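Okay, handing you the structure first.
Here the chain labels run A, B and C in written order, and each chain numbers its own residues starting at 1.
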Amino acid sequence: MLKKINIHSQNRYQLIDITKEIEEAVREDNVVNGLAVVFVPHSTAGLILTENEEGLKKDWISFLSSLVQKEELFHNKIDNNADSHLLSGLLGQNKILIIDSGHLLKGTWQQIFLVELDGPRERTIIIKILEG
Amino acid sequence: MLKKINIHSQNRYQLIDITKEIEEAVREDNVVNGLAVVFVPHSTAGLILTENEEGLKKDWISFLSSLVQKEELFHNKIDNNADSHLLSGLLGQNKILIIDSGHLLKGTWQQIFLVELDGPRERTIIIKILEG
Amino acid sequence: MLKKINIHSQNRYQLIDITKEIEEAVREDNVVNGLAVVFVPHSTAGLILTENEEGLKKDWISFLSSLVQKEELFHNKIDNNADSHLLSGLLGQNKILIIDSGHLLKGTWQQIFLVELDGPRERTIIIKILEG
């Protein structure tokens, strides 16, 4: 099964919890055991698993900003969003999750987040479910 | 096949080679060709492939520490372990490996490591093997 | 299907677009729906998805260098290439892509790059295609 979900971001850098949407796709598919591949077809957004806690979400924004704060290094990109491209590639645009007995296997403090790095924008999340 | 392995870490930051455990799971499954998905259901640990060399393991600890050393940025997390969450999300909590003719495909200098980022703790490693 | 491709790098740090090679492997396999796992069996190279733009490729080199520029931290590795190992593990050596209706699903600005971190060298790219 392949499902596409549209997400609208509000800020330039933003963490958006998409766990419910992924879990719903797994339920709809009625798969018992297999894999769920989550993918964003964008080069200025990423995916991470982290805890959904307000303070930590702010820390993520500070942390990502700190990694690309040497702006003098990034003078080449026409759209002036080199930071967005670099962080997107660094975090990666895909995650693979295990489905066991109809449920996503993940830890209590692991939620799935779209990381917007050049918002606000419309983003697409693609979920592929494979049985096995 | 789904297998869970428990690992006990000793230090706050620590690299633990889990290659043998993953290889044993592949052998037990008798799979010829397919994929092995390795996953840690934690938000303060990660997985990497790197060389098992004493000096390099120390360099990993220095490197990870250097990425989150701006402590003034991270004041929001209640448990005072923002660094652990950020590095866990950055490294990622899953790896996908190819199984070919009954063996994990990997380079001579590529070992699979659990990266403990908030130890000492009991950790779980989940291995899912898919034929195909 | 399992395919191996050899790539020759020219510089110490270098981004090499391997999108055509991966797309060709997908075409050769005649797979309609499934997954393509791309893997480099090396501990001093990585894989990323990013835009193929000259300025951005230069920014990637600057960015990666900036992450490991505290050389005083990395004195342990015999071969004097701790930076290569650390960045390889950080970027990761695998990517998983979705195949839909015979084509790789990816965004307009997402190309697949081998990131050479200790060149010049001969590198191997392994592509595993799974139907499903």
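The rule we apply is simple: a residue touches a chain if its C-beta (ideal position, glycine included) is under 8 Å from a C-beta of that chain, and two chains touch if they have at least 3 such contacts.
Being a predicted model, the structure only gives us computed values, none of them experimental.
Student: Over half shared numbers or under half: where do the identical copies chain A and chain C land at their interface, same or different?
Tutor: different
Student: Chain B and chain C share one sequence, so how far apart are they rotationally when you fit their Cα atoms? Give it in degrees, rounded to a multiple of 5.
Tutor: With C-alpha atoms aligned, the rotation comes to 120 degrees.
Student: Roughly how far is chain A from chain C, going centre to centre by Cα mean, in whole Å?
Tutor: Comparing mean C-alpha positions, chain C is 20 Å from chain A.
Student: What parts of chain C, by residue number, touch at least two of the other chains?
Tutor: Touching at least two other chains: 67, 90, 92, 96, 130, 132.
Student: In their complex, what parts of chain A are in touch with chain C?
Tutor: 2, 37, 39-43, 67-68, 70, 73-78, 82, 85-86, 88-90, 92-94, 96, 126, 128, 130-132
Student: Report the residues of chain B in contact with chain C in the complex, numbered from low to high.
Tutor: Touch list, chain B to chain C: 33-35, 48-51, 53-56, 58-60, 62-63, 66-67, 90-92, 95-98, 100, 105-107, 109-110, 130, 132.
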